[in-house]
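Structure record follows, encoded as structure tokens.
As written, the chains take the letters A, B and C, and residue 1 is the first residue of each chain.
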Amino acid sequence: MKFSQLIFQLEANPSEANPSEANKTSLDSHPNLDPDLTGAAPVESAPSGTLSYIEGGKFAAQINKTNASALILPQHEPFQLQATERGIAWVSVAAPRLMFAQAIALFYTPFRPAPGIHPTAIIDPTAAIGAGVSIGAHVVIQAGVTLGNGVCIHPNVVIYPNVKIGDRTLLHANCVIHERTQIGADCVIHSGAAIGSEGFGFVPTSQGWVKMEQSGYTVLEDKVEVGCNSAIDRPAVGETRIARDTKLDNLVHIAHNCHVGESCALAAQVGLAGGVKTGKGVILGGQVGAANLSYIGDRAQAGAKAGIHGNVEAGAVMMGNPATPYKTFLKSSAIYNRLPEMHQTLKQMQQKLEELQQQIQAIEGQNQSDFLQSSTKDT
Amino acid sequence: MKFSQLIFQLEANPSEANPSEANKTSLDSHPNLDPDLTGAAPVESAPSGTLSYIEGGKFAAQINKTNASALILPQHEPFQLQATERGIAWVSVAAPRLMFAQAIALFYTPFRPAPGIHPTAIIDPTAAIGAGVSIGAHVVIQAGVTLGNGVCIHPNVVIYPNVKIGDRTLLHANCVIHERTQIGADCVIHSGAAIGSEGFGFVPTSQGWVKMEQSGYTVLEDKVEVGCNSAIDRPAVGETRIARDTKLDNLVHIAHNCHVGESCALAAQVGLAGGVKTGKGVILGGQVGAANLSYIGDRAQAGAKAGIHGNVEAGAVMMGNPATPYKTFLKSSAIYNRLPEMHQTLKQMQQKLEELQQQIQAIEGQNQSDFLQSSTKDT
Amino acid sequence: MKFSQLIFQLEANPSEANPSEANKTSLDSHPNLDPDLTGAAPVESAPSGTLSYIEGGKFAAQINKTNASALILPQHEPFQLQATERGIAWVSVAAPRLMFAQAIALFYTPFRPAPGIHPTAIIDPTAAIGAGVSIGAHVVIQAGVTLGNGVCIHPNVVIYPNVKIGDRTLLHANCVIHERTQIGADCVIHSGAAIGSEGFGFVPTSQGWVKMEQSGYTVLEDKVEVGCNSAIDRPAVGETRIARDTKLDNLVHIAHNCHVGESCALAAQVGLAGGVKTGKGVILGGQVGAANLSYIGDRAQAGAKAGIHGNVEAGAVMMGNPATPYKTFLKSSAIYNRLPEMHQTLKQMQQKLEELQQQIQAIEGQNQSDFLQSSTKDT
């Protein structure tokens, strides 16, 4: 595809983040610099004939090094000049990464199995199957399951009874959807994930643990993604809910009765204990944990490995364990490494204080004796 | 089911934790307050016509808000009065959560596939299959496997050779049981778990890693539960053992040669490195890790994210990384956030010490000079 | 097998780590102490008739307790004498653990399914299948897949289109290999692992997350092992790469665009965020996390639970979060537990400083008044 064709297609679908009127491109001044592009590539290893992008200042040095033939740039004139000098075609937009995502979609067609039901799939006769579904080999669909139109189920997926799956939702290989789970439209469940599995509910007694049956269910609203080998439990009573447009990475654990708000992103290996609730737009870094019944407010963020207890205010950015506002954490963790030095200083100061105290006592003693002397003398 | 019927059934099976003689119920004084109950629900979202429970003071405010028609209460008279005032039927017991677990089991029948062997299951002729088993679609059972009576295996499970599985044990979809594993009776292995997989055993040499074959095996005793996508490795030699009644949550990692004691509970994403041993009744919070060969004594607990090294005494409650007794951790972590302030104070004090020292030197100097003066005068 | 036969076979294949000329054995002085050995066992629970080993001083006390009939010892004469006294046959070598690994391989034949393709496997006609492969029940192999010679695929594995798998590579049950993944020769992918799955790529907009299609691919070079239920994502563009001889334990997460160097070992539950790069021989303890785009130099190590940000120098040993050199961490974490005491000391010192200051002021006041007095007197 010619660079000019790519720009034409991208600008045909302007998004709020890169309004076409604001875009500049090297085509304006150098219409003949119009390379053939065969694909998209990372800027640092892009071969000639590919498109790449520069997110911000951090990667700017790559403009002078990359072999990419075209670049999506931020709206920064020096970058445009640098690219032009090196004979790289460019477009300059408000949201380079978003436009790059749109560009990839022009070069790349994701693998989707053709519609149809593989003869080795085992489908209970009570299941209601929508139009245009694709059901792979060895899939098992149990009683009372409802699949929307265009649902795509990769091989070896198991769906327990009475599950509902919305239109166009995609289930990757070997994932398991447990009884009564409700999955919305346009969701993606990645390989090996377990959705709606039994919550970890045991009551201690002197004879050992008594199991609390998990009679609740799990809901994923529309546009939810769940990463590979993640697990989202259902509760003893009530529901576990992941609201629309929320994205979970690989190996995430969501316990019973959690309610994760809209448009959140939970990075890999995050764990939410029982009954955690979050607002909208919450972002949790990798390996973050949140304790039972904590509440994380709208748009709050937690850095990787943070341990959340209690309530996090809307918009807060937290780090550390127990999590604290990141400014405090950064200061405290910087000083943490100087604790041995601080401890040493403290001991030296104690020593010095002792010495000063003795000196003062000596002075006082001397003054007293001087006074006595002088008194004596005076008399 | 009428509330009175529910109470009748629950009291027909008294457990030590809620001896029926100690129970009080609103039926004693208000026999006509006998609602029809359709199910159990979480107290904060319970619709009318459901049963819920109050665990302790933390949830007490819910008695005045809930729409539940019946409540299981702790033995606390003010709660009883509040519930009665709001027209809520109640029973008051020593262990409300335990009784709630028993109540759920009266409303809810967990899904269990019917006995029988699905025609698509592949079962080696040398396998010994007990009576009344249920073996789902596409299950693979290899040579020398023994299944007890009433074993239930969901679809797409793979069992490697020479595995033994005890009576009534339940294997959820897509889990994998590796060669020579021994699983007791009444165990539950959740979806995607891998049991008896190869330990991570490699010996470093100058030509790279040399693999140590994992010739040992894994044992789960009776009543063990293993959460979704957890992994329990077998060792190079000897065994990995999870003792009876121990419960593991999702995404837990148990390395080769670990021995986890009876009636422990390991929350999600816990990781035990090679050769970790625990006593009985140990409780580990989410994302806890224990280093190679550590020992965790009977009834010890570790808070979420704790990092355990070496030995933990019986009954200890640990937090932090490296883990310390929780009282120390709580104090230290509170001060951690004030480290920048402490550091500032320390610097100010150093400054002040300098000043005091100079003042003292000045006084000493002055006194010396006064002394000289006065001596001179005296002479 | 007689102990003498075992020694004969082990010394027939000397490795650099245990050159046969340096080995001593009890057979030299006690040729009749030549027990029949039935297997290998952990030293602390070895029954009579088995071989075990002593790695170093830490386990030395076991020489006086073990029931093993033969031991592989380090080159340390007192250990040899102790073993001989107890009637234990021994061989003494430079690398006991390596020789023990070699010994296990003489006693133990790992389970490998026979070559052949199970009739229930679904193999796309465009797949190219090498000689001597073993393909288990219900395996699904999609279009354009290439399998080398001797590849072994356990049941219920799913391979997406256009995957290449090298000679003798072993795929355990229920793992999933995604489109375009390239796996080298002699790799082992353990049960439930997902390789080449979609990276976690979403661009925030005011309408919610926009998905960035993951058009890249994942490469595992030769001799890579990936633990149970681990996940290695592919990137939006470019590749994710695990270099030769690198071993990943269970439940490890490798994000898009990571490049892990040769002969590394990543323990269980490690998580690498997007674009992390490592040198060769890097060792990461359990639950370590590394933030986006961090770089970890050759032979660097990180202790369990470390949180790595930015660059780690070659050979560094890091601990803590944020990770610091382990010496600093050990000192700081020791003092961390004494923070309350330090805080107390600091407050006491502040108090004392105040007192000293007052005393000094008092002295100065007194001296001033003395001076005035004496001046007055003088006049």
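Brief remarks follow.
Throughout what follows, a residue touches a chain if its C-beta (ideal position, glycine included) is under 8 Å from a C-beta of that chain, and two chains touch if they have at least 3 such contacts.
These figures come from a predicted structure and were not determined experimentally.
Remark: rotation between chain A and chain C after Cα superposition is 120° (nearest 5).
Interface note: chain A and chain B, two copies of one sequence, contact each other through mostly non-matching residue numbers (shared numbers fall below half of all numbers used). Chain centres here are Cα means. That of chain A falls 25 Å from that of chain B. Counting only residues that touch two or more partner chains, chain C has 120, 138, 156, 174, 192, 229, 251, 269, 287, 305, 320-321, 336, 338-339, 342, 346, 349, 353, 356, 360, 363, 367, 374.
Residues 120, 122, 138, 140, 156, 158, 160-161, 174-176, 178-179, 192, 194, 197-198, 200-203, 205-215, 229-231, 233, 235-238, 251, 253, 255, 257, 269, 271, 273, 287, 289, 291, 305, 307, 320-322, 324, 328, 331-332, 335-336, 338-339, 342, 345-346, 349, 352-353, 356, 359-360, 363, 366-367, 370, 374, 377 of chain B are the ones that touch chain C when the two sit in their complex. Across the complex, chain C meets chain B through its residues 15-17, 39-42, 45, 52, 95, 97-98, 100-102, 104-105, 107-108, 110-111, 118, 120, 136-138, 154-156, 172-174, 188, 190-192, 223, 225, 227-229, 244-245, 247, 249-251, 262-263, 265, 267-269, 285-287, 304-305, 320-321, 333, 336-340, 342-343, 346, 349-350, 353, 356-357, 360, 363-364, 367, 371, 374, 378.
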